[in-house]
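Multiple structures follow.
Here subunit A shows up in two complexes: once beside subunit B, once beside subunit C.
So, the complex of A and B:
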């Protein structure tokens, strides 16, 4: 049981990447038009963290996996119908605002409070997982702030791989500039790992896992605590879609030779 | 520190760090110095530059001409990036200056720790800043939803940490000179992490080149059946690698191509990894030019092209996303044929 892990994955929900997004300003600040009806998915990098966590739990008997997610209850329920079929976990929902515009520090405070209150969590054995950035705010700070609030000072960001040792140590590969990985060895938990893509493909949906998960997910959603997120002095001067629309020249009748010549001239031009 | 707002005179700290030599500032750090100088001038503020690294004092000479107060945190503990030690070092620099605004490069080293440091000194942080503006106040531009929505934000809480995206400011290039550097003592925390080094791809496989002028993006079409009904992965691999060798381009990939696995879990194109991924779940690099091949150019891909200057694409689909105002030129053609001929022309010129 040296590697019986306690893994908490923090994962938000985001609009499906194929949806058209349009910013609007409401009484509580900026948001997305029709945000509550846009199809949502689990945040992609956080989803990678969940799949890595699920595999670690499966390989290490006695381990446990929690998924902590902040968002409107109705949207969480919708997303969990799919995510719940990917791997077994205990959902810890927090009912709160959706989207990327609330302040990360407030989000982190709510997540840290929920994690600290988890019954049965041994914080000395905790691996705190999440995406290294979200697909909403994309700031890459929330997980770090949660770690600080929980007093975890072994932190790794842009993680693509974790390898557990027999003695409870683990090796971590973090992305750094230029397509390289920094290799670190941490002798023991607790630690924070903000995941990049990792190495695992998305698991297939397993309806049996989904049924088992939903038995815990629905009561958890019913009991989810509501939080409001403070702005911490953050204000939005403007929120806009980029106006950059290019005048595209579509060449349908050029030969491969002609295209190649034009491309070489373009590539080699200063 | 002052949490009350923006009316008092701002004190600006630019956090910088050394490169792998241990005694020279990184380019991104020098870009942050430029941003700091500009913001100091704009706000009539005071400027301090803090340097973190193995031999931080030695790196100070290149910013001596800024006239800024120079602080350094040096020692073996800062030879390699690591959360516990770097956070302690940056925290010490922040506490020594009592800065109200902290600028720092958005490098992997500082993105790992900056939020934690902001929390420790009671501050707040915004990252991926692409521009700073405003007169008496500070307005920071950044993107949301993976480069799909652009916002200008401001804060009236201090200290305010702002992490700057690389390539958004010119690197500071003042004359080197003798610098007076104040060493800042750090109480080192216990750490359980040992940094063992970097895992670097073999030279032939080193396809991510952040300083390249050209980004060459490959899509899943390279591994699809060609007009003869066959898949030509070996030919695709050869054409792509030859193109990279001849142009010095950086290689990007669509998610669908990076996800493809052959037997043994190795990528179909072995030099491609998820680190090459451009777009919604990948990176958003900065290059002067970008050439897309065999990629349909839909929104999840194109968000990764936000900071690419000139864009061209080769696609067999005349209705692909690139033709809808997302590229400057789209060639409706077979990328296998075109890239082979491009390679031949470039080979003849070299």
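So, the complex of A and C:
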């Protein structure tokens, strides 16, 4: 079993981007209005990491997959009712605050502590997966910090593909400028892979997978450890949503060429 | 003895039985279909009793010895928050279940503070008003100053008690469902699986038997093409076998409809009366004077048959919408455009014009009430909620009644579990139906059951009928045979379009056949309804409403859930009401007069189910509404 993998996916939950998101500042800092009752989804980039990991595990007998997620226990449970139907994994929930505004170092410390305590984890064989970006906040440093805390120095960001060799080595495609990939080869684990989109479609909801996962997820949620994340002096001067991109205008007399020209001019000006 | 799964297209299912794929199966104790207020009431009550008596052996699993009761609920929508309805409810049943309920914990919830009923005059002059109504309008115009007519609206000086919701709540269905779902799931005792459509019940016995016990449900196949044939990544829907199936999938749900088809309806009962509720959630400007908890009921505009509402939620949000009923015989039932005209009525527009569209949605309402009650129980199944005929059509109330049916069933189920009695029709009738029959909700439903008969004779007659039933506690009501939903649709002829001369109507028909403007829309303009001046903020195209408000999406890999039984009938259809009423413009006409369905645009309102004027088999409409995936994704509906 040269490729009996041990993969840990770090994946937070984020408000469903289809909902109306309204930033507010509360006593605990910035957040979203009614964030606890906004439907949530698995952070999209991290979700790609999970699906890639699940496929690797399925193809390599003897492998193991953990999903480590930090968020309010009740919201984690709701999200797992959907995510749990897509891939088989062992959930390691950490009951903590919602949103992407807590300090990344504190978040990373909580995640690293939970990973280090995983029974049966061989850190020399660890592939630490996550998203290279977050739909909550684009700082993009949490995964690297988790890797650092676990002593993993081989780190890749913007990963679209991993190919395993027979000898335990692996090749990684990382996104670089110009729409190209940088190819790296590692002789062995451990490594950190911050995934871009990967190459897999979102798996279908499989009720059997969901039921099998739930046997572990529900007890894990019941025992989830609560953490308070220290601010470490972090404060936010201001918070804004991305500029609204969708604009509706009715044009009845413009030709297709004129519309195309205007779009090009608009894109160029952005 | 073989088992059968019955969907609406039973013939196709059965003919395909020979090539039935290997299908996974799972046993649970209670399988639940659909998560709405009725199922919320059921699961809340069940888990409350369970939590209070955790060691009670009644809550031990029969199908998995040593395990707790296995209760699974499957919901089609991709999230529990995707329900649609602006709700004003007495909340008697909800408060009884949740005595510590604090509306402040539920976004968009607020106590009812003020109720008004407005008769809206037609400031445009395009609506199809009867002579009697026009005479009344003229009187109001003439005496406007004396009667307090303002902004083309006349506020009724007195509102009958049966319409009051004093002490009640304003709710958003999406937010309420999500809140209830979170409470129930937090107990850890039951599982609610979203994004999981159920294709139909599984019956024991042969499909030609009128009766037969339900032994579970079948989840929809995935990895299929639009016809349902296996394609890449085919995954046969799982059979979920259970001693009890709780059916709460609403008025257009696949399981409920299959039960109706298999069992028929009790003598004298029929689900003939429907309405499409369509609404917007609008964010008001900061200086809006509308107070939280304000409730307006309106009638008279944009057409006499169309009732409307405005509810003011916290945080400057309002739900504004209309109901387009099946008794509006005109086939140009173009709900979205009528909604746009409605919000521009002067009485509303003065408050809404600087607002922003936040959300939008639509759903079918089963408006036969008690007269549309199906068989509530059978061996292995029980029905709750709107699909079980719980809506009260006199008080215009359905959510609290649906919740209450769920509570009644949960009490009955606990009783049967403790008595170790099986879920037979006899036992379910003795426990659940007996509770339901003895309840105040049932008495009120009896009083209300004929309250709306008069509307089939017009608005004035309908209002008189409602008043009679309401003021006499149902002792008096207007009689009348209610035609089927198909028969309520007027047959279309270019020579009989009110307000449009035959030559112009014929020209519009021809233009529509060539793929130009849809006929229903063109006819409204020809009748004098002004074009909608889109502003990209509140008045947007119907397609933009799907994206801006409804956030409509559909998962890949499912079959089309709207199917035309005989497409040749559609080619010759003059009414094409399914197109006019389609909330998502998912049903459209092709240049060759065929009708097309795009499931990616469907909001699952189910209006097409009761908006087909023709039949392929002499009984049902030519259009079938099956289990499907996707729909609205806004949590504010």
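A few remarks follow.
Basically, the second predicted complex is superposed on the first by the 243 of 270 C-alpha atoms of A that agree within 3 Å, B and C clash if a C-alpha of one lies under 4 Å from a C-alpha of the other, contacts with A are read in each partner's own complex, and residues count from 1 in each chain.
In this section, a residue touches a chain if its C-beta (ideal position, glycine included) is under 8 Å from a C-beta of that chain, and two chains touch if they have at least 3 such contacts.
Only a predicted model underlies this, so the values are computations on that prediction, with no experimental measurement involved.
Once the two complexes are laid over each other on the shared chain, residue contacts for A:180 go to subunit B alone; subunit C is not touched.
Judged by the touch definition given at the top, the superposed model places A:51 against neither subunit B nor subunit C.
Once the two complexes are overlaid on the shared chain, A:18 sits against subunit B and subunit C alike. When the two complexes are overlaid on their common chain A, residue A:34 makes contact with subunit C while staying clear of subunit B.
By the touch criterion stated above, A:141 is placed in contact with subunit B alone, subunit C being left untouched. By the touch criterion defined above, A:195 reaches neither subunit B nor subunit C. Number of subunit A residues touched is higher for B, counting subunit B against subunit C. Of the two partner chains, subunit C is the only one that A:211 touches; subunit B does not reach it. Once chain A of one complex is fitted onto chain A of the other, the partner contacts of A:82 are limited to subunit C, with no touch recorded for subunit B.
In the superposition on chain A, the residues of subunit A contacted by subunit B and by subunit C overlap at 18, 20, 201, 246-250.
Within the complex formed with subunit C, the subunit A residues making contact are 16, 18-20, 33-34, 37-39, 74, 77-78, 81-82, 85, 201, 204-208, 210-211, 214, 218, 221-222, 246-250.
Within the complex, the subunit A residues that touch subunit B are 14-15, 17-18, 20-21, 23, 30, 44-45, 100-101, 103-105, 135-142, 144-145, 147-149, 153-158, 160, 171, 173-188, 196-199, 201, 232-242, 245-252, 254, 256-257, 259-261, 263-264, 266-268.
Within the complex formed with subunit A, the subunit B residues making contact are 80-84, 87, 107-109, 111-116, 118-120, 124-128, 139, 143-146, 148-157, 189, 191-201, 206-210, 214, 247, 259, 261, 273-277, 280-282, 289, 291, 298-300, 306, 310-312, 314, 318, 322-334, 337-338, 341-342, 344-346, 349.
Contact residues of subunit C toward subunit A in the complex are 24, 26, 74, 78-82, 106-107, 175, 178-179, 181-182, 185-186, 188, 191-196, 219, 222-223, 233, 235, 238, 240, 315, 358-359, 534, 536, 540-541, 544, 547-548, 551, 553, 555-557, 633-636.
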